[in-house]
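The chains carry the letters A, B, C and D, assigned in the order they are written, with residues numbered from 1 in each.
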Amino acid sequence: MTTTPVYNTFQTEYRVRPDDIDMYRHVHNSKYFDYVLAARYDQMECCYGMAMEAFLNQGLGWVVRTVYMDYKRPLILGDYFIVTTSIESIDEKLCRIKFGVKNKASNKLCCDGWFDFVLITMADGRATKIPADVIAHYASFKK
Amino acid sequence: MTTTPVYNTFQTEYRVRPDDIDMYRHVHNSKYFDYVLAARYDQMECCYGMAMEAFLNQGLGWVVRTVYMDYKRPLILGDYFIVTTSIESIDEKLCRIKFGVKNKASNKLCCDGWFDFVLITMADGRATKIPADVIAHYASFKK
Amino acid sequence: MTTTPVYNTFQTEYRVRPDDIDMYRHVHNSKYFDYVLAARYDQMECCYGMAMEAFLNQGLGWVVRTVYMDYKRPLILGDYFIVTTSIESIDEKLCRIKFGVKNKASNKLCCDGWFDFVLITMADGRATKIPADVIAHYASFKK
Amino acid sequence: MTTTPVYNTFQTEYRVRPDDIDMYRHVHNSKYFDYVLAARYDQMECCYGMAMEAFLNQGLGWVVRTVYMDYKRPLILGDYFIVTTSIESIDEKLCRIKFGVKNKASNKLCCDGWFDFVLITMADGRATKIPADVIAHYASFKK
């Protein structure tokens, strides 16, 4: 059984930066983490019309609660790649984002997995409820 | 049912570096990844007596295949922390390392999870079998 | 007296990545270093027609010998910016690259300075002479 | 003529973290920047008795205005190193810090240079006068 994705999928293209390369001469594992954060940031603005800044300006921030990443093949210096993300689920506690990182030239998957984000109050760093209007806004991106 | 750890657990102390801090004024999530890699590097040398360099000198490297990390509470600027790791399992394909990152002052767990490492040939980046003598060496650290 | 630049100037556009932001909520100072390296990497390929890979494939690499950076105003989350570089001078020992990092929206200079690069042999990390044909190739980009 | 340093010099020991290594298999140039910031952070607390947090708690921060770094020889994976810093000069506008990064095993200098720091108001990111009592406090570390 394959689950059909319920929410739309969005993608953003990037290029490996030389400082992302580690002693194995491939992209350092932890940089994929940053690539997904970058894509989320861009897509919140461009695709969802609810930019990170809209949260920051209200004293709120999205932080990672749990992450699962599976590395399939490396990206190397100079590679262009596509980061795909979609909402897997969202409720007042958690927003689970599925992602894939694909090599643009080969179209092969380099890494996939998911992130659970929680919303925090910037002032004290504590988790807060994801507001109903945010959940409703994301629901408008259901297929 | 709680599983008793089979392999010994080792720990290394570090301090947060200012460049580890992100816009949330806590340690950036992907840095925990690097903290675990640092602890593995140190412990391979100090605790297991089989340094990373012993692999690199043979043209071999350890790379992450899969990672699972669960963030419980943040580390902030100036914090000292303890990274604990132990082997969860090892066979010729994979070495699973469990880890915990604990705030030294509060003794509270900040992050835990596991990494699956594969051994690669540096020349081509491809996975290679973990040699029997390496598995046997690690077996000597069973409790 | 203002010196007229002798070599052509090239520019590349990037966007701040969220992981570039530090506890001051602006781009971390050391990231400007990486931005210039990224622009050099891109421009070696696109603008000079002599990609970094052409050097790496011969077992050669460009490393920084000296750097001078002057920070004028910060870049923040979400900013697009332009990195401009030009050759200031090149001889068999050193290649000095001047750079500027400009905020795209305001067109204001955020950081400028220069990098001295030396060519090294990757095998031993030692400086080697910049070959005459490389110097000649760059000379074709004189105005 | 050699100038005698007027202010005391302090030193802090660190170890290279695996994530500091780049594709040249040495410490990435921009990481020296972070090593100096780490040493300043530690020494403000331990050596000067006026921790970074004392500034942050007043809504103030130290940011780099200008940097000059000269790389002499690389640090590699596993190296221990000593970061030495001293105040070169301080007035109400700027604090110039001289630094050296030395390989602990060889006692050889890997990198030296200086940083000009300005004090900013965290709320608006603008430079503010370095208070007279801060300058006076540092003056007590004159030889």
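Just so it is clear, contacts are C-beta pairs under 8 Å (C-beta built on N, C-alpha and C of every residue); 3 or more make two chains touch, one makes a residue touch a chain.
Since we're looking at a predicted model, the values are computed, not measured.
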Numbering shared by both copies at the chain D-chain A contact, with half separating same from different: same
Furthest chain, CA centroid comparison against chain A: D
Length of the line joining the C-alpha centres of chain A and chain D, rounded to whole Å: 35
Centre-to-centre distance between chain D and chain C (centres being mean Cα positions), rounded to whole Å: 24
Centre distance in Å when chain A and chain C are each reduced to the mean of their C-alpha atoms: 30
Shared interface positions of chain D, touching two or more other chains: 18-19, 23, 30, 34, 77
In the complex with chain A, residue positions of chain B that touch it: 23-24, 26, 29-31, 33-34, 61, 63-71, 74, 120, 122, 125
In the complex with chain A, residue positions of chain C that touch it: 15, 17-19, 34, 37-38, 41-42, 45, 51-53, 56, 77-78
Touch list for chain C against partner chain B, complex: 18-19, 21-23, 25, 28, 30, 77
